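Heads up, there are several structures right after this.
Two complexes, one shared chain (chain A), two partners (chain B, chain C).
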Partner chain A sequence: MTAVAALTERLVRVALRDFDLLIGIATPVATLLGLNAALRHIIDTGTMSYADYVLPAIIVQAMLLGAVTTAERAAWEQSSGFTIRLRAQPVSELAPMTARMLYCLIRGALALAAAVATAHLLGFRLTGGITNTTGFVVLPLILTLALSLGADATGTWLRRSGAGQLLLIPQLILVLASTGLAPADSFPEWIQPFVRHQPVSQITGTLRGLATGNAAVSDLVITAAWCVGLLVALGSIAVRMQRRPR
Partner chain B sequence: MIEVSQLTKAYPGVAALSDVSFSVPAGSVMALLGHNGAGKSTTIQILSTLVQPTSGRAVVAGYDVVHQPAQVRERIGVTGQDACLDLLLTGRENLVLFGRLRGLRRRAASRRADELIEQFDLGDAAGRPVQTYSGGMRRRIDIAAALVAPPRVLFLDEPTTGLDPCSRRQVWALVTELAAREVTVLLTTQYLEEADVLSDSIVILNSGRVVASGTAETLKQETGHSYCEVTVGHPDDVTRLAAMLADLDGVEAVPANNTVSVRAVDGVGTLAEVVRRTDRSEVAVTDISLRRPTLDDVFLHLAREPLAR
Partner chain C sequence: MSTDLPTSRSAATASVVLAERILTHWRRHPLVPLQSLLLPALLLVTYHLMVSRSMVRLTGADNLGALVSMCTVAGAMMGSIGAGFQIPVDRDNGLLGRFWVQPVRRGSFLAAILLAEAARTAMAGSLILLLGMAFGLRFEGGWLAVIPFLLIPVALIAVFATIVTMVAVHPRSTSMLTVLGAVSIGMAFCTGGVAPVELFPGWLQPAIAVQPLTHVVDAMQALAGGELAGKSLLMSAAWLLGLAVLFAPLAARGYRRAAESGGCG
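And then the complex of A and B:
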C-alpha cells in the first residue's frame, strides 16, 4: 500500500510539472465555453439550454482524454529505466498500474469538477437530488477507469509513445458523431442509427437524465451494463498485460 | 553470497549466456569483465530477477532468483547502465520515493534521503530535477537510490561508463567504501584497470562464456604482462625488426599497424633492451612505448593459450 501511495504521489508530482493536470482541467473548461459560444444559437435543444445539453459530452470527452494520456504514460513507462528498476524492487507487479489508475481517477475527478463549475456559471444546476447527483459523479469516473485500463493495456503492449495518438481517433469519432453535441435529428439520415446507439450517445443521454433526475431505469441499466462490462473486460486484459512473463 | 551454476540464457537466435558458473563470497567485490554483448548485463538482469534464465541456477543472498524473487528483491540494490530514476523528480524526491518503495514510512524515508544526500555530496543538487544533473551526479544519485535500504548485495552495471576521469574516481572511492562495510558487490566493466583496482576477484566473459576467472593478481600473472610496442615508418621494416628481436619473449609483428610488440618481462629493462637494438639498426622508428595490457590483449592471449583455471 505504501508503494502504491508513493507511486501515485510521484505521478501527481510529475503531472504538475509536465502540465498534464493543468491540461486535464483546462480542456473541458475551454471546450465547454467554446462550444457554448459557437453553437448555443445554432443547435436546437428544445427547452434545455445548450450548455446544459452539451455538458455530459464535455465530461465524457474529458474522461476519454484521461484514458488517452494513460496510454501514453503506460507506454512511456515501459521503456523508462525507472520502470525497469522498479521491477527489481520488492513491490507488487500491479502496483505501478494501480498508481496509474489512481492518477487517472484524480485527473478525472478534477476535470469533472472543473466542467461542472464552468457549467454552473452558464446556468447549469444539478437538480436530481442526492442519488442522481451521486450517479452523475460516479458514472464518469467508472467510465474513465474502465477506458484507462484498456488504454493502459494498449500502451503497455505497444511500448512506445504514439499509443495515445492512436486512441485519439476513435474517441474523436465517438464524441463528434454522438447525440452528446447535437440531437440525432440534426445528423444526416444515413448516420442516425449509429449516432443513436453508440456508447457515447448512450452515456451522455443518461448523464443528462441524472442531472435533472429524469433518467429512465431501463436507460440506467443499459449505461451501467456498458460501464461495468468495459470495466471487467478491459480490467482483466490490463491485469494480464502486467502479469505476463518477461 | 552469490552462487551461479551453469546459467544459460537463450534469446531467439542468440545464446546470450552459456553455462556460466561463479561464486562471490560475502563482503567481497567481483567484477564481470567483457566487451559489449559479452553477457555482463544479462547476468546482472538474471541475478536481480529482471530476466528469467533459460536454464541453470542462481542463488543471491540465500534465495533462488527464479523461485524466490520477492526475497531476493528485498536484499539487493541495483543500478542499470542508464539512469534508472524519474528524471522529472528532484534527486531528493527520487530518494524518498525509493525509500517508500522499500517500505519506509514517509518520515523515515525523508531522513534516510537526507543522510544519503550528505554522504554522496549532493547537497546543492538535491532540489533540482535529475534531468539537469551531469553524468557523474546521475551515477552518484543512482547508486545512492540503490542504497536507500542497505542491501546485502549490490549490482552495479557499468557504473563508470561514460564518466569523466574525476567522476570515475569518485565512483571507485564509493565502491571501495561499500566493500569496507561488508556489502557484497557485483559490478560489470569493460576496463581491466577498473576491475583490477576495485575487485577481489574477476570473471572474464566473452560471447556469453566464462573464459577466465580468478583474482586480479593471478589473471595478471597469466595474461597481463606489460609489453613494449615499436612503431616503424615502413611496412617492410616490420619483418626486419621482428627478426632482430626474435630471441626476446613473446615477439609479435603486426604489419597492418606497422608495429612489433615484445612482452615486457623485465618491464623498463625490456624497453631499454629494445631501444638499444633498434638504435643500432637502420630501421626508422617512429615510436617506442611501454604499454599496459588492454582487455583486447587479455582476450587475444586467452584465445591463444588454453587457460588453467
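And then the complex of A and C:
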C-alpha cells in the first residue's frame, strides 16, 4: 500500500507542476461560465435555468477530460521506461495503474466540487436530499474511474504521448451531440434519435433528476448499469493490459 | 577555399526545404494535422446541429459564417500549439543545434516554421470551409472573397506561430504551452462564432470587443456575407502587425538560445 501512496503522491506533485490539476479545476468553471454566458438566451430550457440545465454536462465533460489525460500519463510512464524499471522493484505490477486511478479520482472530485461551487454562484441548488445528492456525487466518479481505466489501457497499449489527443474527438461528439447542452428538440429531426439515446444524454438526464430529487428509477438503473458495466469491462481490459508480458 | 556567405536566394530555398521537413514529419506522424482538422470540423458539425435551430428561431439567421470562421481559427491555433510541442523535443535531441551550424541563414529556421504553419492552415481552412458550404454557407458577394477569407487565418497563424515558438523554446515549456493553448481557445470562443456578441452578458462585452480574434472572426464573417469588411479587417491587420513586431524578435532570440544550448535544454 505504501508503494501506491508514494506513486500517487508523485503524480499529484507532477500535476501541480505541469498545471494538470489546475486545468482540471479551471476547465469546468470556465466552460460553465462560458456556456452560460453565450447560450442562456439562445437555448430554450423551459422553466429550468440554463446553468441548472447544463451543469450535469459540464460535470460529465470534466470526467471525460480527466480520463483523456490519463491516457497521456499512462503512455508517458510506458515510453519513458518508468513502468519497466518499477518491475525490478518489489512492487505489485498493478501499483502504477492503481496510483493513476487514485489521481484520477482526486482530479475528478476536485473538478466536481469546482463545477458545483460555480453553479451554486449561478443559482444552482442540490434539493434532492442526502440519497440523491450522494448519487449526484458518486455517479460521475464511477464514470471517470471507468473511462480512465479505458484510457489507461489505450495509453499503455499505444505507448506514445498524443494518445489522449485522439480520445478528445469521440468525447467532443458525445458531449456536443447530446441533450446535455440543449434539449433534443433543438436538434434537427434526423439526428434526434441518436441525441436522445446516447450515453451522455442518459447520464446527464439522470444527474439532472438527482439534483432536483425526481430521477425516475428506470433512468437511474440504466445509468448505473452504464457506469458499472463500463467499469467492469474497461477495468478488466486495463488490468490485463498491465499484466501483459513484454 | 570558398567562403561564400549564404545569399538571400539560398535563404529562401532553405526555408522551403526546412518547411518541407516539417510537412513530411506531419505526414508521417499525422497527430498535428488530424488535430487541426478533425477537432474543428467536429466542433463545426456538432455545434451547428445543436444551436442552428435555436439561433434561427431567435435571430433569424443561423450564424454559420461566424461559426465556420471561428472553427477555422480555433483549429489552426490548436494545431500550432500541437506543433509547438515538437520544438523542445528537437532541441533536447540536438537537432536544432545540428541545423544551427549549417551554412544557412539563421532566419530560415523561423521562416520555415511560419511557412509550414501557413501551409497547414490554408489546407485545413479550405477543408473546413468546404464542410461549411455543405451546410449551406455561401459567399454572397462572389466567390473571389474565398481568397481573403482563407488568407486571414493564414496571416493570423503566421503571427501566432511566433508566439508559440517563443514559448516553446523556453527551458520548461510544455506546461506553458498547455496554458497558452487553453487561453487561445478561450479567446477563440469569446467571439461572434459561438453566439452573436450582443447575446453575451454586458460585463463580458468590452473584453470581447477589444480582443484580436473578435476582429478576425468578424472580418471573415463579413467576407463570407459579401459585406465590406473594412473596419474589422483594419483592426485585425493592426493587431496582427503589432503582435508580430512584438513577438517575432523575441521568438528569434529564444530560438537562437535554444539552438545554441547544445541540446541540454
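What to note about this one:
The rule is short, and it goes like this: the second predicted complex is superposed on the first by the 245 of 246 C-alpha atoms of A that agree within 3 Å, B and C clash if a C-alpha of one lies under 4 Å from a C-alpha of the other, contacts with A are read in each partner's own complex, and residues count from 1 in each chain.
The criterion applied here is as follows: a residue touches a chain if its C-beta (ideal position, glycine included) is under 8 Å from a C-beta of that chain, and two chains touch if they have at least 3 such contacts.
Computed from a predicted structure; not experimentally measured.
In the superposition on chain A, A:Asp18 makes contact with both chain B and chain C. When the shared chain is aligned, no partner comes close enough to touch A:Gln242: not chain B, not chain C. In the superposition on chain A, A:Gln198 makes contact with neither chain B nor chain C.
Touched residues of chain A, counted separately for chain B and chain C, are more numerous for C.
In the superposition on chain A, contact of A:Thr212 is made with neither chain B nor chain C. Legend: residue contacts after superposition of the two complexes on their common chain; A:Arg87 is shown touching chain B, with no touch to chain C. Touch criterion not met for A:Thr98: it reaches neither chain B nor chain C. In the superposition on chain A, contact of A:Leu176 is made with chain C only, not with chain B.
Of the two partner chains placed by the overlay, only chain C lies in contact with A:Gln165; chain B stays clear of it.
When both complexes are overlaid on chain A, the residue A:Ala6 reaches chain B alone and has no touch with chain C.
Common to the chain B-facing and chain C-facing surfaces of chain A are residues 17-18. By the touch criterion given at the top, residues 29, 31, 34-35, 38-39, 42-43, 46-47, 49-55, 58, 82, 174-175, 178-179, 182, 186, 189-190, 194-195, 199-201, 204 of chain C touch chain A in their complex. Residues 2-3, 5-7, 9-10, 13-14, 17-18, 80-82, 84-91, 245-246 of chain A touch chain B in their complex.
The touching residues of chain B, when paired with chain A in their complex, are 48-52, 70, 73-74, 76, 78-80, 82-86, 88-89, 93, 97-98, 100-105, 129, 145. Residues of chain A touching chain C in their complex: 17-19, 23, 26-27, 30, 34, 37-39, 41-44, 162, 165-166, 168-169, 172-173, 176-177, 181-182, 186-188, 191.
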